[in-house]
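Okay, so here's the structure we're looking at.
Chain IDs A, B, C and D follow the sequence of writing; residue 1 opens each chain.
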Amino acid sequence: MTVRRDDVIAWIQAYADVIAENKARLTQLDSDIGDGDHGTNMDRGFQAVKAKVPEFADKDIGAVLKTVGMTLVSTVGGASGPLYGTFFLQAGSATAGKMELSLNDWIAALQAGVDGIIMRGKANLGDKTMVDALLPALQALKESASSGAGLPASLKASAAACEQGMLATVPLVARKGRASYLGERSAGHQDPGATSSHMLLQAAAESWSMLAD
Amino acid sequence: MTVRRDDVIAWIQAYADVIAENKARLTQLDSDIGDGDHGTNMDRGFQAVKAKVPEFADKDIGAVLKTVGMTLVSTVGGASGPLYGTFFLQAGSATAGKMELSLNDWIAALQAGVDGIIMRGKANLGDKTMVDALLPALQALKESASSGAGLPASLKASAAACEQGMLATVPLVARKGRASYLGERSAGHQDPGATSSHMLLQAAAESWSMLAD
Amino acid sequence: MKKLINKPEDVVKEALQAMASAHADLIKVHYDPNFIVRADAPVKGKVGILSGGGSGHEPMHGGFVGMGMLDAACPGAVFTSPTPDQMLEATKAINGGAGVLHIVKNYTGDILNFEMAADLAKGEGIEVEAVVTNDDVAVQDSLYTAGRRGVGVTVLAEKITGAAAEQKRPLKAVADICRKVNAQGRTMGMALTSCTVPAAGKPTFDLPEDEMEIGIGIHGEPGRTRMKLKTVAEITEMLVKPILEDLPFKSGDSVLAFVNGMGGTPLLELYVVYNELAKILGGRQIKIARNLVGSYITSLDMAGCSITLVKMDDELISLWDAPVKTPGLRWGI
Amino acid sequence: MKKLINKPEDVVKEALQAMASAHADLIKVHYDPNFIVRADAPVKGKVGILSGGGSGHEPMHGGFVGMGMLDAACPGAVFTSPTPDQMLEATKAINGGAGVLHIVKNYTGDILNFEMAADLAKGEGIEVEAVVTNDDVAVQDSLYTAGRRGVGVTVLAEKITGAAAEQKRPLKAVADICRKVNAQGRTMGMALTSCTVPAAGKPTFDLPEDEMEIGIGIHGEPGRTRMKLKTVAEITEMLVKPILEDLPFKSGDSVLAFVNGMGGTPLLELYVVYNELAKILGGRQIKIARNLVGSYITSLDMAGCSITLVKMDDELISLWDAPVKTPGLRWGI
């Protein structure tokens, strides 16, 4: 039960489509507590990634993820560009040379990616950022794996925890990013970055749900 | 049956109050086909005139009207400032030295004032300006006087003709002043200057209606 | 009405006080009657240049007082021509012995008040000439109207004429330069929104969220036609076409191209308009020799723009390039 | 959405093309990656100054490229930080051998992207320093936020730092001047209306006809408090008080006073604000040594203003007065 290079590419492409569909929704969330561009930013980046698929379709998974990261860094801008860019760059380093990923490989990739986001953005749990969705997702993934569940089940558990983390951002007062300028007024709104992060892991869970054992 | 100096002053003061009350209405008419300032302009001018009453209260009628004209010229601005200013300056010249006005004196004053407006503004009958209200008023005044009517009756006839002239501006397409820029779109609206002119002669008719014969 | 003001009737006076203190190195402000003069007025032996008009068009005209442009400006109430007494005092204050040029925008009020002022000034022995700007091609049938309005060309004429006066040319020659700029210039404007006159407290006209006015002036007058909002490429074409046809501007001409904001339109959008304008003129082999992009002759908070083209020759270009030092326009010094 | 645009996604590119053709004497524009450089870059032996940020704040930053101010500016998408590849290429293009200073407004996006760019540039052997501007006193509790936003001071710091670089001071000294201006400067802003991001197509926030936001940033973020509209005297007091208390500014201080329009506010109203500001400062014996009134750091079509004060000394004043020749700010040359 492994994730092959083409599965990774399928996941990235699926996520690009999810972002395109949810562009207005992400932008609306960002209008409420930010500057109203998160959907546009992510869509610009992932459309560029999609256009680059032919260039990296025959590379190893590490190279694929690194190219995704580089592309995001140079097309997204804003806070999410360097953050998601770093996520993919670090995940790419953790999977360098691999043509397929075991559950443990995926745990290592996600760990590296999330570490990269935290290293760059210095957000703590509870600051109302994408970290609030990603850290619980990573945690749930590890727990599911150590309890002996397989890849599809673990991905599902990870996406579910990610969703909980995302929803848990609603009551929080933001302490990082633009939303923090609103102070108390940021409470009562769901963080846009946490939302796009949940979409990312949800896309992985769905995209890889029927992988052969 | 004459109009004395104090009656003239009473008329001017009454008109100033009429303008103050109708400031918003005149401005609204000017918003429809002009630049939305006719009420403000006239009110600024006649409040200044009112403040000057103590200065000219002991002068002859010619001097009173000239001071009104000078004050309007230097406080109203726009098109109506020089036009109404000239009206009063010329009417003042026509009544120089007089302490009271017969019906014929008033005819001469109005004639001089209207001539002054036409000389300065070069508007013809039907151009949708104050001239469309003033010329019929002058005409009616003359006709009423030559038919032997007294001053109050003639003033009434004059004000009535002025009102008709004012109402007759509604369907016209403006050919002078700002309203002319609207072309056909100026039709269907009453001219603000014709409206303030009607108020002027209406105020005279009312203010001087109970003069002793 | 959303405005940064105290009482509507105090706006003009307070803005004058601010200009006096913000630009004390360039201008002086006189009150009752109100006018702005350059700090070193009168300049001996130089033709004095006076303009003026209603307020609400800032930086025009007060912001164009200074070396190389106007010697004085008379501000009226918002959208209301100033009065002859202001103009007379300003004319006297800037008469350096070479006479005074009045630059008057073609509106009945401005014309009548400047006429009275010129008569009074001549009565006091000052030589006065007047040039009337009337560049607005939106006004058709000028036989049946008060004639074309003076709009965007006024700014450019004030700059170029100011440079000619700075060279100590005689009154007649200075007036002729001004007439030439006006004769060779055409403007057309459009509005996305109405403006709100402070004393009126509400928009002069209503414009639905998906409509615009084409052929507006600078006083919140509605334009000649109202239509659905279009792309800036289409809008620019609609503004430029009547300008080009009217003079007409021809292949091989050099122009000064002026994209002006009406007060509520950000610079970003004005550049987008300029981009379309440059494409259209390029396609017709008309050369943009010089340009000006910004909000210089405004209509309070109106969103929208106007485009002005002036046909240029070497002399006009060198006068345009000459130094100017005013609060609103400055280069070369 | 009422805007003079074609497609929302083309606004930035089209505006860049317009700037390239309108200001060919001052700047050059590079595409893919996008950046604006002064026409004579790199200037040998001079510290290169690079700034950048999201678009929608015009004339900042692209309009401040030129002699005496910035050597280059990187425009991002509207309200979105530009990317490291743009910054890297711009840094290389303006490196005249004396190193490059990055002036970065304190936003997470700008900080992260400029950090990555600086790392890349250093990797290519270019000496880079970064100064972060963070002058917005509306952001309280900066421990619990991303810190104070960089706003109005950025414009003034770019001008003053540009003048220091023009004197061929070394990188460290140029960066120190920039840090000093930021340390001695404070800003507070307010909005009468929201702005509309072209790609979003509707106002970022709703503001009823009788309300305003106090303490807004420059990206259409709602402010910290919303309240009923007040007179400009009261509004100015509300903006100035936290500025004065924060540094604090004291009796006898000399300041550079900057009244900035947010994009949809006409100059007339900015002067009315300046009038109130001058009264308040005069009452506290704070001297306005220099001033700037106009729309220089905007938030698309937002109506509103910000006030910035920077405590000045003789050196900063002489750097402020030094010649500057950019599309957006020009004097002395």
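The working rule: contacts are C-beta pairs under 8 Å (C-beta built on N, C-alpha and C of every residue); 3 or more make two chains touch, one makes a residue touch a chain.
Here the structure is a predicted model, which means the values were calculated and not measured.
Where contacts are defined as at the top, ignoring subunit C yields the following touching groups: A, D | B. Seen from the Cα centre of subunit C, the chain whose own Cα centre is farthest off is A.
Inter-chain centre distance (subunit C to subunit D, centres taken as mean C-alpha positions): 29 Å.
For the pair subunit A and subunit D, the distance between C-alpha centroids works out to 33 Å.
Remark: subunit B and subunit D have CA centroids separated by 55 Å (rounded to whole angstrom).
Residue positions of subunit C touching 2 or more other chains: none.
Taken together, the touching pairs link the chains end to end in a line with two free ends. The full set of touching chain pairs reads A-D, B-C, C-D.
Note for the complex: subunit B touches subunit C at residues 27, 31, 34-37, 40-41, 44, 73-83, 120-121, 173-178, 180-183, 185. By the touch criterion given at the top, residues 33, 54, 76-85, 107-109, 112-113, 115-116, 138-141, 144-146, 149, 197, 199-200, 204-205, 217, 219-222, 224 of subunit C touch subunit B in their complex.
Residue ranges of subunit D in contact with subunit C, taken from their complex: 2-6, 11, 14-15, 17-19, 21-22, 55-56, 58-59, 63, 192-193, 209, 212, 229, 231-233, 235, 263-275, 278, 288, 291, 293, 295, 298, 300-301, 303-305, 330-333.
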